[in-house]
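There are two complexes below, and they share chain A, which is joined by chain B in the first and by chain C in the second.
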Partner chain A sequence: MLELCSPLNSKLQAGRFGAQGETGIALGGRPVRDLWQIAGWGDFEAAAIEVLSDLGLCGLGSYSLASRAKGRTAWRIAPDKILIENAGNLSDYMSANLATLDLSHARTVILLSGTQARDVLSQLIAIDVTETAFPEGRFLQTGIHHVGVLIQCMGQNAFEIYAPVTWAETVWEVICENAKPFGVEIVAD
Partner chain B sequence: MIRIKCPICGLRNETEFTYGADATVKRPEMGEQEQQPWVDYVFNRDNPRGWHKEYWHHVQGCRQWVVLERNTLTHEIGECKLAREVEQ
Partner chain C sequence: MKRLDTGGRIDRSKPLSVTFDGTALPAYHGDTLASAMLAGDTMVVGRSFKYHRPRGVYSAGVEEPGAMVHLRDGNRHEPNARATVVEAFDGLVSSGQNAWPNVRFDVGAVNGLFSPFLSAGFYYKTFIGPFKNTTKFWMMCEAFIRKAAGMGRGTYLEDPDHYEKRNAFCDVLVIGGGVAGLSAALAAGRSGAKVILAEQDFELGGAVLSEPIGGEDEAWVEAVLTELQSMENVRILTRTTAFGAYDGDVYGLVERVSDHLKAPENHQVRQRYWMVHAERSILATGAIERPLVFGGNDKPGVMLANAARTYLNRFAILPGESVVVCTNNDSAYETAAELARAGATVTLAEMRASVPSSLTHEATEAGVSILIGHAVLEARGKSRVASAVVVPIDASGQASGAPKTIPADLIATSGGWSPAVHLWSHLFGKPIYNEDAACFIPRSEENHKMQAAGTAMATTSLSETIEQGFDQGVKAAQATGHAKECGARPDHFMTGAYWQRGIEPIWAVVRTNGKCQGKAFVDFQHDVKISDIDQAHLEGYVSVEHLKRYTTTGMATDQGKLSNVNALARMSELRGMKIPEVGTTTFRPPFTPISMASLVGHEHGKHFRPTRLSPIHHWHVENGAKMTEAGAWMRPWYYAEAGEGLDEAYIREAAHVREHVGMVDVSTLGKIAIQGPDAAEFLNRMYVNGWKTLQVGRLRYGVMLREDGFVMDDGATARLGEHDYFMSTTTANAAKVLAFSEHLLQTAWKDLKVHVTTVTDQWAAIAVAGPKARDLLSNVFKGADLSREALPNNHFTYAKLDGVAVRIHRMSYSGELAYEVYIPSGYARAVWETLHEQGQKYRIKPYGTESMSTLRIEKGHVAGPELEGRTTMKDLGLEAFASSKKPFVGSVLRKRPVLEDPERPTLVGLEIDGATGAKSGSILFPKTGETKGHGDGWVSSTTYSPALGKNIALALLKNGSSRKGETVRVVNFIGNETLTAKVVSHHFFDPKGERQNA
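Presenting the complex of A and B:
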């Protein structure tokens, strides 16, 4: 069997980088777990609600707030498109009204945290990421260095950044360079 | 700086979007036999000064197509709707 290896393998080397003193930023990574996209057409909503309720998630969700239940997370990323992590295998739900797609090999997660995490984000994207505008539970889709990403706020100073695996190294490098003035700790497990 | 209020994502920087096309162009009926309406449809565009409707794609966001009102003279941005919700 082929062993799945993180696109960030060469980056995830524990160490301390950038400015000396206290570290304002911690950077890490993790693979996505069973990340599926469901998409559809006219009857998308009914078909999607069936999948979501089977997974213990209720409603279609909002375009800015992730829904969570039973260790699963769902993001309504467009009117007819929802991403679900920890979804198991959704291929059986494929129908004329619903297209299911396994994106587990297409995305990886960059973990950005630390007291200066919001400062780093505000250097990277032109969106208000203060705690009032972007609190825990909220997500946004944007571009970092022109790479499309989904950023999930996990807490006061913690974010998960879903990046395409093909561009994950680039996104990592841009985040890391911007984080260095704050002092960076790379956390590898 | 142009900012566009995406109906899905909220107020975003114009750099997240790409321009698509003139949203006022209407395709002739499929049975149209005259050449000129097709030539106009494919090639000819007005170049208005003032308010205009354009297709934009929120490519670094929700990836939806929107119809955006934009003032070509002042760069003011008006209403922004999902293209799927705009009647052709």
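Presenting the complex of A and C:
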């Protein structure tokens, strides 16, 4: 098998930079696994539920709460579109009622965590990211430095940022610039 | 002027090294630059805008009009800093500005002699008139005028510091950390609401900071602050100015994080721009004392009364030893008494005809001499005040008796106070005039999400200030759903008199002839004299908006803080009207100047905009590619070999492709998944050509138009499955095509069951072109049948490399035998490297965008320079693609007569005579005649063609198709160069397509 190359290869070098003292931010990355989009039309929900239940996922979720089970996550990104990670291969579900699309190589995940992670996010996006407004399990779709991203809250101070691969370095660099005052540790694989 | 041994809020154990124009100032921690200047008896600190008059420290706050200085040096140099708000720090270097050789002796002061000619409207009258060439005259004079007038000089050096933006969301934003603001924050905080309290000073307390230390007011602030600091729901931001209030409950704040340090420490930012989203806000910004207008009222040594008090009580400086205080209201009495108690000889010129003894008692006790019904007519002294000319006046401010001269080194004035209504005005427009308090205040309307409290609302006592602040805090909390009990209001404490009781609206002091004695300024910042207002009136200006622009009063950093009411008062007097009838101007953001850097944040330099990188980007960089910007993308421009420049490299690369084989990264092409049962119909509507017959496994070139009939984009679309298509667009138009498609599907074509999704990131693409392309790919992708029969042009097939599935499209942009390999982007670099490595035996070379362009120009393919929004299919020779059997986007408007005009420029080829190539954008003219105007067309793309051994170009030429063989002139007006060229077909190379069909 050919070597899979992360778009963040040049960035994911372990090290520490920015402010001395406590490390407020940890940055890392991981590839997405089998990310598929399912999309439909008027009867989308019925068609989608069939796919989701086959994958062991319950319900359609909401536009801010992902549906998660068995290592899979489904995000309702639009009334007629759902993104599913760890979906396996959904091409067989393609029909006149449902369009399936492999986007596994289209996104990469930037891992942002640390005690100051929410501060960094508040510098990047004009959405309330305090713990009450954006608790664990919630996701939001927004833009970082004009690039469309999906941010999943993984815990009190942990986030996964799904960024388009061709924009990933620029998003990473802007996150780093904003994180420097807090002290940053880059965690390599 | 001297520093007192005791008192003040300075830390005498922490002396600081601070200089102004190279002279050390006696500064301590807690000082401002202005207080350090006064402590060092530095009186002349600036020169005025127009007349270069010496100016000193006039205020103790953001309203400062005169003490504008250069701050720091080198790449942190900052012009126009108001010394009154610059916190002193160790190593602070400052200097005078707008003066030569220095602010103490300024050659520019000669302007003062010409002041009769430099009055209001000077520029309009001199440079905009019914005379010939006034514009040219202005342009000639402008540089000199701008150099002579104005403010400080900026630096061209790059700012080494970082600035950041941060979003914050709260229930209640309290603007101002004085008594009213603290009370409001306390109430809202206790209710559980999320509160942000912003204070521009480095200490909280507001007016309390100007009180003598150790009083009960100090304990009051400390108690409230302690409680606020214990609340997790309250965020206190000091050194933070709320500079603008905007629609959508958004407020702009700038926090000066490191401005009080020599340089930011430990990677911290210099300033932070807060965008605060607040459901409710409370304007507790206090009030700014107003100047009085009299002759020489701008001289160093004339100061606002409360500023003198601030320097005395906060910074422990006696700002004058012989002081004349002049006031039309009660608020200056405390200043007079405290200055006298501190050792100054104080005379108080009370402008009112009578005042109660309860007011004068304390001052008299302190030793102040009070002159009832008197005012300062003129401040005298050369570069600083030496004496005050005091006269008895009538109720209008006109002299009514003999003047007398009182020696004075400080004249402290109070013309009343102006509530700082600016942020309210940003949201709601013009404030209303309160006759009793003689000032403008916000309109209080229940539905306003911003409410004012305290002296910003012209409260008349401290207990009212606390009550109003607290109550507004409660209301704001309740309005945001926080009904929890807010507890009792804090008690009030003793303070001096406010300004409203019995204020006499006398704004200017004039002689018996109605004129001021000498130059009397209304706007210190822009050197607007009261006589300029008079002149504007004489010339017929009646609107305040016109007055402002004609005289420039209230402009620059003043923004009406000091000048507004006095200018309006004069105008209303001249027009025989009341101030509310004359009206006021509207305040606009920013309240105080903010740095551009704070607005920019991190979005500059490399991050001015996002950059997009191909999955193969780093290979290109590691292998010596010279990169170029292509929209947001970085693309390999050319791969220089030893000693090569651009020209040598691209010519070699293009020739190499035609002779052997080359590979180019085309991952930047827009790629869109078109999915759904109506996908073919969608394509039929988007493209000019038909799509319903395209079979799975095939692809087709298509052209799409804008609705107005001009060409928007072109590209190939492959049918991957029954309901599944893969569209490619040009790199430049990818986002536009996707957005346009989505727009149509969500509006006009909601009946179509189609989804469009970008897959530009999912798929990388490598074009392999040249006579050896098939051999190479067949060798790499074992098992894939790429033969002419199995995979003719416009077909695609699947293949695998080490388990990775790719798709190979047979199509050619270069005119050579060529394929595009589409690869899941994570494997793109590995496939590229494999092709490069295994291609060595076929002599493969990577090539960049420059040679890619050469190849397509030789072939006559259109690209960005031709698809530039002004060209039609007919212009570009693409009309044959258009179907006549179906409508498509642009199908109606492309038939407009103007687009059907046979004389429109059409695509041609040019063979340039001689060894010099044409420049893109050159204008085409017939062989003879004048070369003026728009000519017959223009050059769109140009290159040296190694295949033809000559310089060629694509061009749009009027009647182009009938001019083949004609010689035209190619004029580059910018480079002053004229070439000649032969008009030929744009299919320069292999017009029959034998090579690509091989």
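The rule we apply is simple: the second predicted complex is superposed on the first by the 187 of 189 C-alpha atoms of A that agree within 3 Å, B and C clash if a C-alpha of one lies under 4 Å from a C-alpha of the other, contacts with A are read in each partner's own complex, and residues count from 1 in each chain.
Everything that follows uses one rule, which is that a contact is a pair of C-beta atoms (placed from the backbone, for glycine too) under 8 Å apart; a residue touches a chain by one contact, two chains touch by 3 or more.
The structure presented is a predicted model; accordingly, all values stated were derived computationally and were not measured.
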Between chain B and chain C, whom does A:173 touch in the aligned arrangement: first, second, both, or neither? second
In the superposed arrangement, does A:41 touch chain B (first), chain C (second), both or neither? second
Examine A:126 and indicate which partner it touches, taking first as chain B and second as chain C; both and neither are also allowed. both
In the overlay, answer first, second, both or neither for which of chain B and chain C A:77 touches. first
Considering only touches as defined above, state whether A:63 meets chain B (first), chain C (second), both or neither. first
Does chain A have more residues touched by chain B or by chain C? C
Tell me which partner A:4 touches in the superposition: chain B (first), chain C (second), both or neither. second
Check the residue A:104 against both partner chains and state whether it touches chain B (first), chain C (second), both, or neither. second
Given the touch rule stated above, what does A:140 touch, chain B (first), chain C (second), both, or neither? first
Starting from the residues of chain A touching chain B, keep only those that also touch chain C in the other complex, and list them. 126-127, 146
Given the complex, residues on chain C that touch chain A span 162, 164-169, 266-269, 275, 277, 602-603, 606-607, 609-615, 618, 633, 667, 673, 675-677, 721, 723-724, 753, 755, 757-763, 801-804, 824-831, 834
Touching residues (chain side chain A, partner chain C) in the complex: 1-7, 9-10, 18-21, 31, 37, 39, 41, 80-81, 94-96, 99, 101-107, 119, 122-123, 125-128, 130, 133, 145-147, 164-167, 169-171, 173-174, 177-178, 180-181, 183
Of chain B, residues touching chain A in the complex: 8-10, 12-13, 15-16, 59-64, 82, 84
Going by the contact rule set out above, which residues of chain A touch chain B in the complex? 63-64, 77-79, 126-127, 140-143, 146, 148
